[in-house]
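Each of the two complexes below includes chain A, the first together with chain B, the second together with chain C.
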Partner chain A sequence: MDPSEVEFLAEKETVKVIPNFSLDKIYLIGGDLGPFNPGLPVDVPVWLALNLKQRQKCRIVPPEWMDADKLEEIREQERKEDAFSPVPSCHYMELTKLLLNHAADDIPRADEIRTLVKDIWDTRIAKLRLSADRFVGQQEAHARLDNLTLMEINTTRDFLLDSLNSMHKLRANLQPGKSQDY
Partner chain B sequence: MDTRSYMPVPPGVGTEENVFSLDDILLSQERLPCRTESVFPGLGFVDKSSDSRHIPEGTKMEIPLWLAKGLYERKRRVISVELPRVYREGWRTVFGADANVVDLHTMGPYYYGLGSQMLHFDSPENSEIAQCVLQTFIGRFRRTMDSSQNAYNEDTSVLVEKLDCLERALFRAGQSGLNAFQLWEKGLASHLTASSLVTNYRKRKLADLQA
Partner chain C sequence: MFVTDIRKEFYDIVVNQRVVLLVSLDIDALCACKILQALFHCDQVQYTLVPVTGWENLGTAFLEHKEQYQYFVLINCGANVDLLETLQPEEDSIFFICDTHRPVDVVNIYNDTQIKLLIKQDDDLGVPSYEDIFHDDEDEDEEGNRDDSGNESDGGAEPSGKRRRFDEAALERRIERQRARREWEARRREILFDYEQYEYHGTSAAMFMFELAWVMTKDTKDMLWWSIIGLTDQWVHDKITHMKYVTDIVALQRHVSRHNHRNEDEENSLSIDCIRISFEYDLRLALYQHWSLYESICNSCYTSCNFKLWSINGQKKLQEFLADMGLPLKQVRQKFNSMDISVKENLREVIEESSNKFGMKDIRVQTFSVHFGFKNRFLASDVVHAAAALLENVEKEECATDNFIKALDCLSRSNIERLHVGIDLAKKKLKAIQQTVASCICTNLLLSQGPFLYCHLLEGTPDVKLFSKPLALSLLCKYLLKAFVCSTRNKRCKVLPLIMAAPRDVDKGTVIVLGIPPESETSDKKNFFGRAFEKAAESTSSRALHDHFDTSIIELKMEDRSKFLDALITLLS
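For the complex of A and B:
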């Protein structure tokens, strides 16, 4: 899977916007949106929010977790614990990038948020690598991937699956005669 | 994102080979030290060092893996296959000490594949070989993973130098994941680029065609 596909999926998440135009409710296959009234916040998917923003038809209200103080807390939590701690949104990386790139003027302390999210990401990737190594070292058969996000899984998927396949075959050598079906 | 014009068949790795895998075809050419257990009549011309018409019993020679697999039979002893150096006791101890320092590319380069293939020949050490090959893979996994997922935009030839062919394939998989992510993060993934076929295309000149 390509990262841009993951980003595409993330665009389905909803975000609050404050429109500066009025429009009746619109009916889409994915659900009904609106009605839009100037000054009244309304929930829309990210793809629409970005489109409206680019045409200067709205102001985006950043999600609750996209706040430097809260992210700092999450970062500390992530560094303290060995296991993956819960993330504020299962598309945090994609949303941060999308919103900060297109609507940085609506988000206070945008640069700090960018650094914090990158820190959180790096910590989690390091943990992911550590646990992958432990997983292979102990020759485990299954693992729980609690609290991992799609983007994180996606960066290491090809490598990890190929390695585990090879390891499985090498391990099947230990019991000659048994079939290698899996 | 790297797109390929064809999908290469991956190597079989285990005791089964993939017929269409290029790596497995190359692996089947690996030479194994063997000893003949019976006379091979009329085949003396194969062994250039002797003048006799036949290959006598007890001749030591190197034959490729595919031939050894064909000739080897449990009941009728035609040839006996000896272990290549890397799979013998001495090297197994080295791998047990620290698998990371060994240059598997010069030792192999199909260390894992050949190790699995050696299990076809009933050797009393088979279980130790299988165990050692597996432990080597596990021991070297961390380094392969770290180097493939950290080396961004740098020369990787030093990193892959000591890797076995199987590990190189894994390294490439890790690199493609890393590169795709970095490209996305820099915002380059959304740019459409012309296919290399189109950019390299030039109009042919009439003079070139007639020459």
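For the complex of A and C:
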């Protein structure tokens, strides 16, 4: 899976915006999007929010978890624990990147948030790498990975699957009495 | 006719239509185009962008698109010539003209149906009134004919004496009418001559487009920055007076503080990646923050002319100047960003103090700078020089449209590398201009022909290909005239205008000829060479191409140069 595909899937998440135009309810295949009235917050998917923002038709309200203090707490918790701690949103990395790139002026303390999210990401990826290393190196049979997001899984998927496949092949060749005539 | 409500009479009409944008090749037009494009993107308006180099280009572009498009927006072209006459459009084509060229042609002003002028009327336009120019002469002729024919039909039955009297009375009336008509026509010719004699420039097109955006509350800091660049372009290329520049800066300053105020309100300051515009009272040294201070002082018109840096004395004065400021030579020759912080701290004030001692009272000028990200800090004039260098890039053999697109791109914040490429090209261009000026002054290439000064760049001159383009040539002209005024002792020559000729196309054997008004502190930048060139070309039947939108720039065949000049001399003495 390509990271851009994961980002595409992340754009389905809803975010609150405050439009400056009015429009009746629109009926899309994916669901209904409520009537738009200037000044009243409405929930829309991220892809629509970004499009409206680029056309200067709305203001984006940052999600509740995108707050510098909350993210700092999460970061501290992540650093303390060995296992993966619960994540603010299952697409936290993609949403941070999208919202901060296009709507940085609507989000207070945007630079701090970017740094904090990057720290959380780095810590989690380090844990994941460690776990994958142990898994492959010590030939364990199963592992428990709670609270991983799709983006993180995606970073390690190729390596993990390929290495486990190779390990399996090597292990199969070690079995005595199995003739391999290739 | 002039558009009064920009939003209702222009934007609301084009927003549901497909539009052709015809944009002339100068930075102000580029900025206006960028602002309009941003507005079109917000409202998803379909448009076609066509850069035009001159009248011929405009004509062909119009012919190509007139079948499919009804609405045409012209930016920085088309106002100073009778557009309907030149283009011969259908009845339903509508033209919106946002042009800084003045005077606006009277037909364009008084046409109510097809031509809408996006020009602010509080610019001192001095438009002659309708009655003075257009004459409803149908009624009068009919009356005259009716009288005469009436008399003739009656005359058969009447005695001859009465008829003679009637005839005399009718004859007298006719003679009177004809005399009045001749007087009116003479007055009309005079009024039109006065009106169209001098060519000058009005408020920046980019500022007008920004006002449109502001009226629709769709203005962003990016658009504000582009309108600042448009205004600065007019000042850098000497199209408006300093007074007008300062007045417009004040108007833009209000917008800048309004935008900044919105952000400073919250205790949480804005992300570093957001664009910040600030007012600066900064030095008049071209590109000094992207160059070394020494290079910038040597290659900026103001300092170079005041020090007379083409002479040995001038170099000595420069060394004294640097010593007076206490700046070590090694620091000054380094890239500006690598200079010591202690040196950079009060640089502006230190330079101002020293330059006052050396007779340069206006080394500082009001301008704006933009700041985004950690590295990127640009003054408005830096961007103008970079974009102009990209627009007229002669290094690779690319067509004007490609260069236009590249220059348009360098104005976006996402294309910083292109802007840096432009800055490098601009440095080369400024150096070339400085060297050419120095050689012209030292070899006395600038000759007085009587009513004007004349300079001809020969083909072998280094970097002469750069000067085949109008913007670069006009910059060279301006610097050359200033340098000449500083170096000559002849009082009479100081108030003469300058005409410059440079090779344009070696294969076709043409030169580009450009005239600028005399250099003075209180110059109103009004240029009379447009009409003068036309008349001179006509009278000598020289093969001249008046293609450029600025009438003071023409292309001429090399062989016709001398008779053209002689005609000009006789015309202007």
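Keep in mind that, in the parts below, the second predicted complex is superposed on the first by the 175 of 182 C-alpha atoms of A that agree within 3 Å, B and C clash if a C-alpha of one lies under 4 Å from a C-alpha of the other, contacts with A are read in each partner's own complex, and residues count from 1 in each chain.
In the analysis below, contacts are C-beta pairs under 8 Å (C-beta built on N, C-alpha and C of every residue); 3 or more make two chains touch, one makes a residue touch a chain.
The shown structure was predicted, so the numbers you read here are calculated from the model rather than taken from an experiment.
Following the overlay on chain A, give me a clash-or-fit verdict for chain B and chain C.
In the superposition, chain B and chain C stay clear of each other.
On the chain A superposition, what angle, as a multiple of 10 degrees, is formed at chain A by the C-alpha centres of chain B and chain C?
Between chain B and chain C, as viewed from chain A: 100 degrees.
Could you tell me if A:100 is touching chain B, chain C, both of them or neither one (first, second, both, neither)?
second
Among the partners chain B and chain C, which is in contact with a greater number of residues of chain A?
Residues of chain A touched, chain B against chain C: more for B.
Examine A:170 and indicate which partner it touches, taking first as chain B and second as chain C; both and neither are also allowed.
The first partner, chain B, only.
If we overlay the two complexes on their shared chain A, which of chain B and chain C does A:56 touch? Say first, second, both or neither.
Once the two structures are laid over each other on A, A:56 reaches chain C alone.
Contact-wise, after the overlay, does A:108 reach chain B, chain C, both or neither (first, second, both, neither)?
second
Examine A:4 and indicate which partner it touches, taking first as chain B and second as chain C; both and neither are also allowed.
In the superposed model, A:4 contacts chain B only, not chain C.
Least CA distance chain B-chain C after superposition, rounded to whole Å?
11
How about chain A: which of its residues touch chain C in the complex?
Residues in contact with chain C: 54-57, 100, 104-105, 107-111.
Using the touch rule from the top, collect the residues of chain B that touch chain A in their complex.
Against chain A, the touching part of chain B is residues 1, 10, 12-16, 112, 115-116, 119, 126-127, 130-131, 133-134, 137-138, 141-142, 144-146, 148-149, 166, 169-170, 173-174, 176-178, 180-181, 183-185, 187, 189-190.
Which of the residues in chain A end up touching chain B in this complex?
2-4, 7, 97, 101, 129, 132-133, 136-137, 139, 151, 154-159, 162-163, 165-167, 169-174, 176, 180
If we count contacts the way the header does, which residues on chain C are in touch with chain A in the complex?
The touching residues are 41-44, 218, 220, 263, 266, 268, 270-274.
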